[in-house]
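You will see two complexes here that share chain A, one where it goes with chain B and one where it goes with chain C.
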Partner chain A sequence: MGATPNGFNLDSTGKRIVVDPVTRIEGHMRCEVNVDEQGIIRNAVSTGTMWRGLEVILKGRDPRDAWAFTERICGVCTGTHALTSVRAVEDALGITIPNNANSIRNIMQLNLEIHDHVVHFYHLHALDWVNPINALKADPKATSELQQIVSPSHPMSSPGYFRDVQNRLKAFVESGQLGLFKNGYWDNPAYLLPPEADLMATTHYLEALDLQKEIVKIHTIFGGKNPHPNWLVGGVPCPINVDGTGSVGAINMERLNMVSSIIDKCMEFNKNVYIPDVVAIGGFYKNWLYGGGLSGKSVMAYGDIPENPNDFSAENLYLPRGAIINGNLNEVHDVDQRDPEQVQEFVDHSWYTYGEPGKGLHPWDGVTEPKYELGPNAKGTRTNIIELDEAAKYSWIKAPRWKGHAMEVGPLARYVVGYAKGHEDIKNQVDGLLRTMNLPLTALFSTLGRTAARALESEYCGRLQKHFFDKLVQTIKNGDSTTANVEKWDPKTWPKEAKGVGATEAPRGALGHWIKIKDGRIENYQCVVPTTWNGSPRDVAGNIGAFEASLMDTKMERPEEPVEILRTLHSFDPCLACSTHVMSPDGHEMANVKVR
Partner chain B sequence: MSQIETFYEVMRRQGITRRSFMKYCSLTAAALGLGPAFVPKIAHAMATKPRTPVIWVHGLECTCCSESFIRSAHPLAKDVVLSMISLDYDDTLMAAAGFQAEAALMDTIEKYKGNYILAVEGNPPLNEDGMYCIVGGKPFVEQLKMAAEHAKAIISWGACASYGCVQAAAPNPTRATPVHKVILDKPIIKVPGCPPIAEVMTGVITYMLTFDKMPELDRQGRPKMFYSQRIHDKCYRRPHFDAGQFIEHWDDDNARKGYCLYKMGCKGPTTYNACSTVRWNEGTSFPIQSGHGCIGCSEDGFWDQGSFYNRLTNIKQFGIEENADRVGMTAAGVVGGAVAVHAAISALKRAQKKNQEKVEG
Partner chain C sequence: MDHQNVMSPDGQPQSILILGIGNVLWADEGFGVRCVERLAERFSFPPTVRVLDGGTQGLYLLPFLEEADALIVFDAVDYGLTPGTMKIVEGDEVPAFMGAKKMSLHQTGFQDVIATARLMGYCPGRLLLIGCQPKELEDFGGGLRAVTAAQIDPAIAVALDQLSRWGVAVETGRADDSLLADPAIRRDAYEAGRPSEDQACRTGDKRFFPEQA
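So, the complex of A and B:
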């Protein structure tokens, strides 16, 4: 097989290991690797195993409704697709939003980043590093001491507290019904934490579970519910009324106070628990620096969180925008989602066809025709796959490329771009963390680096949330309570044809929606989402995607137990429902889908 | 917390007294036709019995149901998972993956035949031999059928499992199909919504554990306790509807006063759910309270009823005592525009009153 253009040596002669389902992710995913005699991964294949077809469903609908449909692409990163969608529609129709709507949208988006990162770390990722069974051996007093060293300001640190949690855990394990911990890899030597650290982290798993339901109440206040709050083209649906008749039913002082107290809780948790845990757990694993993949080569971010409304220039965004290729951190390229030569999707190894091989399409002109077929070297049958043939089509995920390059997106990509651009907050955070952990900058390009970047970003987003809350209050104080611009609400005011792009930084990375509107209806809708970038299959030139690249050359302690594979895949926080919804804008092609 | 938390202890922690617990055991004994001698035995069983195994599978979905479930405040999600049920398979949260995950599933089915609850999030697509949703190399629909075969009961979480939801919206390219159209021989509880309210989800599960029976269901298979009334029936903005006070444009003065969202397309009048009573995220708010109309996410086919901002014109003022079944049966024959007329009359009355005030003032 040999070297890929993006610099990985593939060798599929060793033993094939299949992981399906990959669990603790959103949606459905499969992974296959070949390991050599030393248990080192020499070939990696990642497959999206679900497909929903949302874009074809959107065709012909009211563009003002699109946020609700696209929001249902994902209930984990809930709201981020909705925000991207209203931005795309507003861009197409030339709708500007008021200052308060910008602040509220930013608070909601930042709130999602924090919620998503916290839930990801504690409830989807932690069990790759933390062994809750081993926590039973911990001394609660020593755990208390550890907690106070790791995070002196965290109030929940008494020996009695840890003893209670340990007893509860003990009762749970002794009941013989292990529930979610059943069949875990608890005696695998890949787990390195001492029992006290395991007990501390398991305790925080439960604390975070309690906290996450509080974090999202900001969505509930502004959007009425979570998951899936409500959004509005032209602004936000919640009116502000701080002192007039009926203010009890609007955003008023009581609601603002609640938002403010939740923002404080987020900041406290980041400071007292999340960041210290990542440092403490990371400290025990700092020699496990596998998983860099594309992060040191090619990364991309669209940028997000505009200070001023309706201005998406890079200088106006708190989360950075840019692309780095071939590991050259000295040059950050600008990214333009409108340029037909920049973002393109390929389907040579995906279960779709463009009719001709090697063709790439910009999302505004995207075409999708599903074509489910296994390659000649696949093992099993079409409804009972034993092993895939990656030389042929093998995934429901398309292969997006930026100027032909496979890119990694996500918190680490944002932080690498930010670092390279000299983003002050990001640079300070990264340098500080590396200093604390006594690690060089190169350590950032790893599974651990991805996990750490997410924690740092959660902390940064907490501060930004506070900034936009203060801004919201200041604007109201200045006498402006406007939350929506309805000038172009009526479709009669729209041009006959229009097209637009919406871009955000979803928790998992760069997210773009491309819309074409004709006669007041959606003519074409395409989303290219973070996990499509990261989970991308190979392209016609042979470049492997970010998931696949990150697994390469990792040593597995026990190849039959996929702890290391899960660790690295989870560090991306995969979201398969997002990545595999992609579908044709041309509804008539659906006639090709056989109904059996 | 030094012992195994049993069902009884969880009940105690939730404020149920020993006395109520014993009364519950006597009632259970009586209901089963057993004499008073059996009461201590039932009490003993309740105080020591193993947690009910739950298998939670995922088809085509967006995971919003799982996310909602972990938002539950009473009971807390951690208490449900650690002390009330045994969540033996859930690919979103479980530690094991691949072979070991599948083994956990098979082991639970084998060990608890006829005694586990199957919770389904999402739905199976039937086009392309089911391969639009693959689990363990095979169509999800096979996993669903296998897990359903020996389940005691099935819970269809959310709009996907109950009705099909967004991937089943026209033209439903994957032929995403609700659970009850694939599994025909098991009791199925539908808990619709996109997602359902967290406390409704945990409420349904704890009801089954506490009373050891299926909740009472309406004709569509939804628990009556949460789905027998419309959002509109219990909406705190209802007086504004009755008074003809409506929001005319987003963020207008009426919006800031909290008037009725009917003219902005609110589907509260035709949506059966507990949003206006239980509310969301520990009672923090619900869509109408936060200024957006209800989009009807717990109703069958809500994606294909026109824009979310189109005003309902096909409802009339049926009384709140009507239940979903009767409305379901009569909806087709409803006179269009009845509400619009009602609204116009209210507005007229209001205008007259204003004029009067002006004259008097």
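So, the complex of A and C:
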């Protein structure tokens, strides 16, 4: 098969391993790899069932309602989709939002980043590195000593505390309802932590559960409710009335104080628990630097968190924007979502058709016409695929490209772009972490680098949240309590035809919604979500996508136990929730691993 | 392992959560959410009862579970029965049945939410699942099928019956709907506003629905 244009040598002659579904992710995903005689992955194929034609639902509806629909396509990024949607509509109709709305939206978006990063690390990803069953063997006293070395400022570290957690864990495991910890490969030699580190990390899994309950209260305060907060084209739906006491829905001092205290708790958790854990766990896996994939070659971020409202220029954004190609970190290209030549989606290896091969379409002109056909070398049937033929169409995910390049998006992409641009906060964090761990910059381009970037970003987002909270309070003190601009609420004020784009940095990466409005109704609506970028199949030139690239050259300890594959795929925090997945009849979602 | 929340002297639950779960965008998957919508349109409850649209949320639901000592869940659950068949499950049987779903839009499915609440020691002590066998799940953007929609009122009757056994005074009227879906995606608006088939292609993704399942 040979070399791809983006620099990977593919060889599909070895044993084929099929993992379906990839567990602990949102939605359904399948991956197939070929390993050589040493168990090293030499070819990787990722496929998804992302049926992502949201226009199927939104055509003809009121653009002001689109957020409520997009909020439902995912159980995790609810708020991010809603924010992206209202931004797209505002962009199309030339609606500006007031300063307070910008601060509140930023606080909510940052809150969601922190929530998602913490939940992802402790509840979806940690089990790739941490063995909760092994934690039952730990000595609570030694765990306490370890905790005090890892994070001296974390108050919960007594031997009795760890003993209690261990007993609770034991009772849970013995109750037979292993539930959360089922389907693990707990005796696989890829797990390297001593029992004490496993107990410490499992304890923090529980602490993270307590914290995440607090975090989401911010959404209730500003969005009126949770888990499906309210959003508003033109601003935010919550009025501010600082003199009021307990008036329904309005933001008063009491609620602002609650927000402030939640922000502080997040910052403490990041500083005392999350980052020290990543350093400590990462320390045991320092030699496991697989999984870099595209991260050191081609990465892209749209940027987010504007300081001033309505200004999405790169200089006004705290989370950086830019694209790096071919590993040249000395040049960061700007990204323009409107340019028809930049973001394009291809379908040569996807189960859609544009009528002609090699054609890319900008999302404003996107079409979703399914064409389901298996390649000549696929094994199985149309309803029960045993092995995909990656030389033909093999995924429901389209292949988005930036100027023809396959790109990685997400926290690591943002951090690589930020680092390359000399973003001061990001550079300090990255250099500090690498110094602490005594690792070179190249170590960043790895599965662990992705995981570490997410932790650093969570910490940075905490500080930004504080900044926007202070800014909000200051603006209110100055007498401005405006939260919405309703000048163009009435569709009579809209042009006959309009189009717009909304972009955010979702926890998992660059997210864009493209909208066309005609006669006050939605004419076309396309979303290109982060996992479409990362999980994309090959393109017509043969470039492999970010997931595929990240699996290349990884050594598997036991090919029938895909710990390494899960580790790396989970490090992207994949979300294919617009799709569906299948459970086995007894309800246990097993990763069905087949070695051929 | 479940905690015992404060009970009234007669042993009745003091805080009840009525939860509808599922994804309204996937036809009959929306059954649970539509049930709580209708319930809130027709009845009013004392402040000890909360009505919540849980969508496909996972861990976000934990705070609500923590505050409740009794939980009623409406959901479309695939038991392989005739479409529209109701299935009522109580107590410890609930988690296993929730997991019987062929399809879930969320890896942190409700089964995991219950397991997590148990691990944390605050799972409501009383559980009632009111499930309905869906007819169609694969229609993205579609609404409830008639056979499933017809079970909304019977499902509500089951809940009301349980509430009365828990000593809750239910009256005709409207419940607090602040935790339900935005009006734009409530059932009538959602189903009436669907783009026509020639406006928007509806071909679904058959690949991941094996015939034998």
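Simple rule for what comes next: the second predicted complex is superposed on the first by the 563 of 596 C-alpha atoms of A that agree within 3 Å, B and C clash if a C-alpha of one lies under 4 Å from a C-alpha of the other, contacts with A are read in each partner's own complex, and residues count from 1 in each chain.
As a working rule, a residue touches a chain if its C-beta (ideal position, glycine included) is under 8 Å from a C-beta of that chain, and two chains touch if they have at least 3 such contacts.
In this text, all values refer to a predicted model and were calculated from it rather than measured experimentally.
Visitor: Given the alignment on chain A, is it a clash or a fit between chain B and chain C?
Guide: Taken together on chain A, chain C would clash with chain B, as the superposition shows.
Visitor: Touching A:W489 in the superposition: chain B (first), chain C (second), both, neither?
Guide: Only chain B; A:W489 stays clear of chain C.
Visitor: Counting only touches as set out at the top, which of chain B and chain C does A:E369 meet: first, second, both, neither?
Guide: So A:E369 only meets chain C here.
Visitor: Does the superposition put A:K213 against chain B (first), chain C (second), both, or neither?
Guide: After superposing on A, A:K213 lies in contact with both chain B and chain C.
Visitor: So, does A:D62 touch the first partner chain B, the second partner chain C, both, or neither?
Guide: both
Visitor: I'd like to know which partner A:G224 touches here: chain B for first, chain C for second, both or neither.
Guide: A:G224: touches chain B and chain C.
Visitor: State whether A:K518 touches chain B only (first), chain C only (second), both chains, or neither.
Guide: In the superposition, A:K518 touches no partner, neither chain B nor chain C.
Visitor: Thinking of the overlay built on chain A, is A:R558 touched by chain B (first), by chain C (second), by both, or by neither?
Guide: The answer is neither, since A:R558 touches no partner chain.
Visitor: Give the label of whichever partner, chain B or chain C, reaches more residues of chain A.
Guide: Partner with more touched residues of chain A: B.
Visitor: May I ask you to decide whether A:G184 touches chain B, chain C, both, or neither, giving the answer as first, second, both or neither?
Guide: Touch partner of A:G184: chain B, not chain C.
Visitor: Superposition on A: which chain B stretch among 25-33, 97-105 or 115-123 collides with chain C?
Guide: For chain B, the clashing option is 115-123.
Visitor: Based on the A-chain superposition described above, do chain B and chain C contact any of the same residues on chain A, and if so which?
Guide: Of chain A, residues 23-28, 49, 51, 53, 56-57, 61-62, 65, 68-69, 72-76, 78, 119, 123-124, 168, 171-172, 175, 177, 179-180, 206, 209-210, 212-213, 216-217, 224-228, 230, 370, 372, 382-385, 396, 577, 583, 587 contact chain B in one complex and chain C in the other.
Visitor: Can you check the complex and tell me which residues of chain B touch chain A?
Guide: 1-5, 50-51, 53, 58, 60-68, 70-73, 76-78, 81-82, 85-88, 90-104, 107, 125-140, 165-167, 169-176, 194-195, 198, 236-237, 249-251, 255-259, 275, 280-282, 284-292, 295, 297, 303, 307-309
Visitor: Report the residues of chain A in contact with chain B in the complex, numbered from low to high.
Guide: 18-28, 30, 49-54, 56-57, 61-62, 64-65, 68-69, 72-76, 78, 119, 123-124, 127, 164, 167-168, 171-172, 174-185, 206, 209-210, 212-213, 216-217, 219-230, 232, 234-241, 244-250, 258, 370, 372, 380, 382-386, 396, 481-484, 486, 489, 560-562, 566, 577, 583, 587, 590, 593-596
Visitor: In the complex of these two chains, what residues of chain A are touching chain C?
Guide: Touch list, chain A to chain C: 23-28, 49, 51, 53, 55-62, 65, 68-69, 72-76, 78, 119, 123-124, 168, 171-172, 175, 177, 179-180, 206, 209-210, 212-213, 216-217, 224-228, 230, 351, 368-370, 372, 382-385, 396, 577, 579-583, 585-589.
Visitor: Spell out the residues on chain C that touch chain A in their complex, using ranges where they run on.
Guide: Checking each residue of chain C against chain A gives 1, 23-26, 53-63, 66, 95-96, 98-108, 111-112, 115-116, 118-121, 137-138, 140-141, 178-179, 181-182, 184-185, 193-195, 199-211, 213.
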